[in-house]
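Given below, in the form of structure tokens, are the structures.
One chain, chain A, appears in both complexes that follow, with chain B as partner in the first and chain C in the second.
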Partner chain A sequence: MELLPQVILDGILIGGIYITIAIGFSLVFGVMHIIDFAVGEWIMLGAFLGYYLNGWTGLDPFALLPVVFVVFFGIGYLIQPAIQRVISGHRGNPLLMGLVFTFGIMLIIRGLGLTIFGFYSRSIPSKLAASSWLFEKGDFFLTVPFVRLAGLAFAVAITLVLHYMLKKTDFGTGVRALAQHKESAGLMGVDSHKTNCIIYGIYVGISAMTGVLVCTIFSMTPMEGGRYTVLAFFVVVLAGMGYLPGVPWAALFLGLIQSIFIVYLSASYTLLAVFVVLYIILLISPKGLFGRGW
Partner chain B sequence: MFFGVGAYTTAILMKLGGWAFILTVPLGGLFAGILAFFVGLPTLRLKGSYFAIGTWALALALQQLALILDITGGPDGMRLPPYLNPSYFYYWMLGVVGGTFALYWILLEWAPFGLKVRAIREDQDGAMALGINPTRVKVQSFVLSAVPVGLLGSIYAYWITFIDPLSAFGDILTDQAVVMAVVGGLGTLIGPAIGAVIVFTFKTLFWAYLSDYQVLYLIILGVAIALTVLFLPNGLWGTFINYRDSSRGMRTQSVSRPRIDASEHSDEQEKGAPEHG
Partner chain C sequence: MKRMTWITLFLALSLVTAGAVGAEAPVFKIGVITSLSGGLATGGNVTKQGYEMWAKRVNDAGGIEINGKQYPVKLIYGDAQSEPSQAASAAERLAAQEKIDFALGPYSSGVTLAAAPVLEKYKIPMVTGSAESPLIWREKFKFTFGTIPPVNFTGSSALNVIATLDPPPKRAVVIGSNDAFSKATAETFRDTCEKLKIKVMKYDIVPSGQDLTPYMSAVRAMRPDVIAFGGHDEELIRLVKALRQIHYAPKALLMHYGVTEPAFIEALGKDAEQVYGASVWTPTLKTKGGLIWPDAQSYAADIKAAFGIVPDYTMAACSAAGLAFQAAVMQLGAAPPLDEAQKLALVDVLEKLDIHTFYGPIKFSHEGEFYHANTGLTPLAFRSRVARPLSSVRPTTRRHRRSTP
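And now, the complex of A and B:
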């Protein structure tokens, strides 16, 4: 029982990473109804850009986040028109076509990643990684690694910025209008093409920044992208597809489940356990934890 | 995923249970079908196609399970008693593939089941209004698609005589299946067969001449998918039918080939093809 506070804390800290993994994915689905199979690969690419930038400049990974965001915002902005082309027009099933197209992109990125970066695992060194807080009072103790805490702080910041952008700015109002009804939003003067490109850029940028965090806290290999795609998918389905406010809670919930399983059972059962939990929740409430999904 | 289930069913039953190969093959198909039923029940209730990621995730979970269980041999995989007779397996494969094709043909082209499937594909809400239960039909189709894969997995296990979590639940199998279906034409019976021929011809050539650059294979698969979806969304076979029908100036029979119909309308407008029918 002495472990319980530590387990809960670890769960919350892991959950913080899951928020950033899933929040862009959910945003893109909510606005454009694209399920991006390549989300894990953006995370992977971001991690490697961070790794090399860190090697060249020697700057702390947290200082590199804006650079990574700008680069991948550009990539997302440029790639969106191709996806838009696939999911619109007289094509049988837009959702399926988008899924298949991003599946293709995923294979390309993974292949390129393996060619360029090799099969080795990389990790970005950070000054924060060496230090942590330690509370101790008799039997009760609690360790808070600084890097993970910074990761959680970053996730909270991203969530708040997105919230502010969507609720308080004109651009956000346009995005929400677009998510509700594309044609009407167009008639009200929302430039759907440009908005979609920007949203997609934001999503790819957030995912890439998450990659830098993951690479700092854990490590990254070019093969690992798929794992994060699955995690992002779990969080988003748990929250309800496209229901953004549910994402942070679903992510924290998932982090808690994972940390409990790692400590009390075995790390090798976590994916299975998470899947079973997801399965049961979907049986009870197909629209996610809050019943507000698409 | 269902491939792996079939493969492990055969391997476990033959090795630990001492069962005859012939008995394990139907069981491989059966287990794959049962799994498909339980997976499909919650995921297929969700609208849209993203249950695809759900099954993909389950494949990862099953791979993990195969890695940690004792009964599957863990990461070392399982060895089966060798049976060196390629033509024996050739006839088994031919039988399963032929049987599957015949069954699908009858079910989808002749039986009412095919009409229900098409109705849901065209308009799910409309189909519901006609008294069709979409989830039930989807689960039935899903089970139907899983059983042959399970059967083939069973045969594969005894043929290759060695399976491990990576070969049975690995990504490359899924990747290739997606390419075959997309390049050939989604939602058609003949399309994936054409796609399979193309993929395997290419694969053989690739391993013969370029085996030093294994990773390139992934990139080429990815490029093939992306380009096909961008420029030939109906796949090779779908585009061919489309072209044939529009050059004859015939209306496609909307019952038998609805996937083509979606684009037929725009084709007629663009090319101004006359309508004789």
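And now, the complex of A and C:
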């Protein structure tokens, strides 16, 4: 039992990483009703921008996060009209059209990534990644890796900023109105085109920053985006599709299950356990943990 | 009238083009089935560079000389996409549609195990430069050969060295990723530990790609002297980073493939130090070659000039796979395209092949559990020294230790 505090802490820290992976994905689904299959690729591109910026400037990856956000916010803002064109108009089943279109974006980015960045793994060095806080007394010990703690702090900060933006600002009120009823929001003066562009920009920016974080904690190759797309999808489905407040709890829940299962039950079947838990929850509550999703 | 003129011109042009195509000199069509995309793309592209280097040098020299005539080689790629099923499809396409004379094999054992039966069906010989699972050789494929010895032949070498540390290690944790090669590596580590009287406290096969930090926290509580991990490059990097983050360094951290790979050292920096590994080749090895490259150093210089990196043993083994084909087809004296009888004869020549190359000796075993694997090499155990950038990474020679499997 002396391992339990460490197991819980590790689960929470893994959950922190999952929050950053999934929160933008949930936001964009909630507002634009797009299942963006390219989420992993935005994470991958952000990781590589962080890697090269770190190489050129020597700055710590956490100091580079604002730059990465601004660059990818711009990219997302510019790309959104193309997605909007595909999912609106007279085309049938906008959800499916959006999914197919972003699947195409994913393939293009992955191919370009492999061509431009090469096939080697990259990892961003950080002083935080080499430091941890260790408490040890007899058989009991607790290690807190600083880089993961910073990742959790980043996840909490992103969650709070998004919460503030959506609940306390006029722009957020417009976003929520748009998510509830596009036409009515338009009649009330919400510029849906601009709002969608900003939301998509924010989502791409957050995903890219997550890439920097992931590349610092783990590593990244151009082919690895798919792994994060799956993770984002799991967390968002568990939270309830489009239910943003559920994301942090769902992410922490998945992190804890993973950590507890890998240590106390079997390392061989951890992913299976995560899937089984997810399916059981969806069978009981198809709208996610809180029953508030789509 | 004007239309007739155009039609006549078009037909004339078609005839000229057809004539030109018909007059094309015969080449050896060599299928390369490897993972150019997917999770194993890093290793797959390493194999591609090795095969490309060999083909380039052969064609620069005018081709392979058969009875006084030179025949160039043409590499035709089939992307296995890191999936065994795709490897089988790629092998089928290369064999049935491209009518290849010969195949150079995939990266990773699982993918090789899927491609090999297809090539057996079409009776096309294949030499793979990167497949280390003993399962391949236990299947006794008649047409499949490999220049890298299986991991149960080489994998114990590093542990033999670790066992000589002072004080000697007593406890180990062995983990493997869930694929053919990694599982075989973990099994070899476990069996060798038991032989060396190192107690295996924990043995697990884990799904690839998951965050092993909580697992490593549990391992840390056991305080093993050795952590041995069977896996591919990406997973190795993640594992070392996880250990670094929880601030735990066992007496010896042992991995197999990847430790010599430039990306491993570049990605981990100083953390790559202290990692033990096994290999059958390094650029500093003293070898003497008859075909193309006279020694390991000249090969390494060639790769550095072409790709800006120092080759690891996988890349070298892939170029050596090309050399094996080249030597065999020269001995056979068969010009392209090879018919079925010539392909069968080529298998016989490969079985008897005994050549010295920049990579070391190539001599395929023709019986037992290492059937058609290259067992002419001596496994090396070593550990990474100081991290250097991709372009200048070089495993130390000072710490090389030879050991027998």
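Here, the second predicted complex is superposed on the first by the 289 of 294 C-alpha atoms of A that agree within 3 Å, B and C clash if a C-alpha of one lies under 4 Å from a C-alpha of the other, contacts with A are read in each partner's own complex, and residues count from 1 in each chain.
Just so we're on the same page, contacts are C-beta pairs under 8 Å (C-beta built on N, C-alpha and C of every residue); 3 or more make two chains touch, one makes a residue touch a chain.
Quick caveat: nothing in here was measured; it's all calculated off a predicted structure.
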Combined model on chain A: chain C and chain B, fit or clash: clash
First, second, both or neither for A:T143, with chain B first and chain C second: second
First, second, both or neither for A:L114, with chain B first and chain C second: both
First (chain B), second (chain C), both or neither touched by A:L3: second
Chain B versus chain C as contact partner of A:Y203, first or second or both or neither: neither
Partner chain in contact with A:S268 - chain B first, chain C second, else both or neither: both
Which superposed partner A:V100 touches (first chain B, second chain C, both, neither): first
Overlap of the chain B and chain C footprints on chain A, listed as residue numbers: 110, 114, 227, 266, 268, 271
Interfacial residue positions of chain C with respect to chain A in the complex: 37-39, 41-42, 44-45, 175, 178, 204-207, 209-215, 217-218, 220-221, 233-234, 237-238, 241, 244-248, 262-264, 266-269, 271, 390
Touching residues (chain side chain B, partner chain A) in the complex: 41-43, 45-50, 52-54, 56-58, 60-61, 64-65, 67-68, 121, 171, 175, 178, 182, 186-187, 215-226, 229-230, 233-234, 259, 262-263, 265-266
Footprint of chain B on chain A - complex, ascending: 33, 35, 37, 82, 85-86, 89-93, 95-97, 99-101, 103-112, 114-115, 226-227, 229-230, 233-234, 237, 241, 266, 268-269, 271-272, 275, 279, 282-283, 286, 294
Partner chain C, residues of chain A touching it in the complex: 2-3, 6-7, 10-11, 13-14, 17, 110, 114, 118-123, 125, 129-130, 132, 134, 139, 141, 143, 145, 147-148, 217-219, 221-224, 227, 258-259, 262-263, 266-268, 270-271
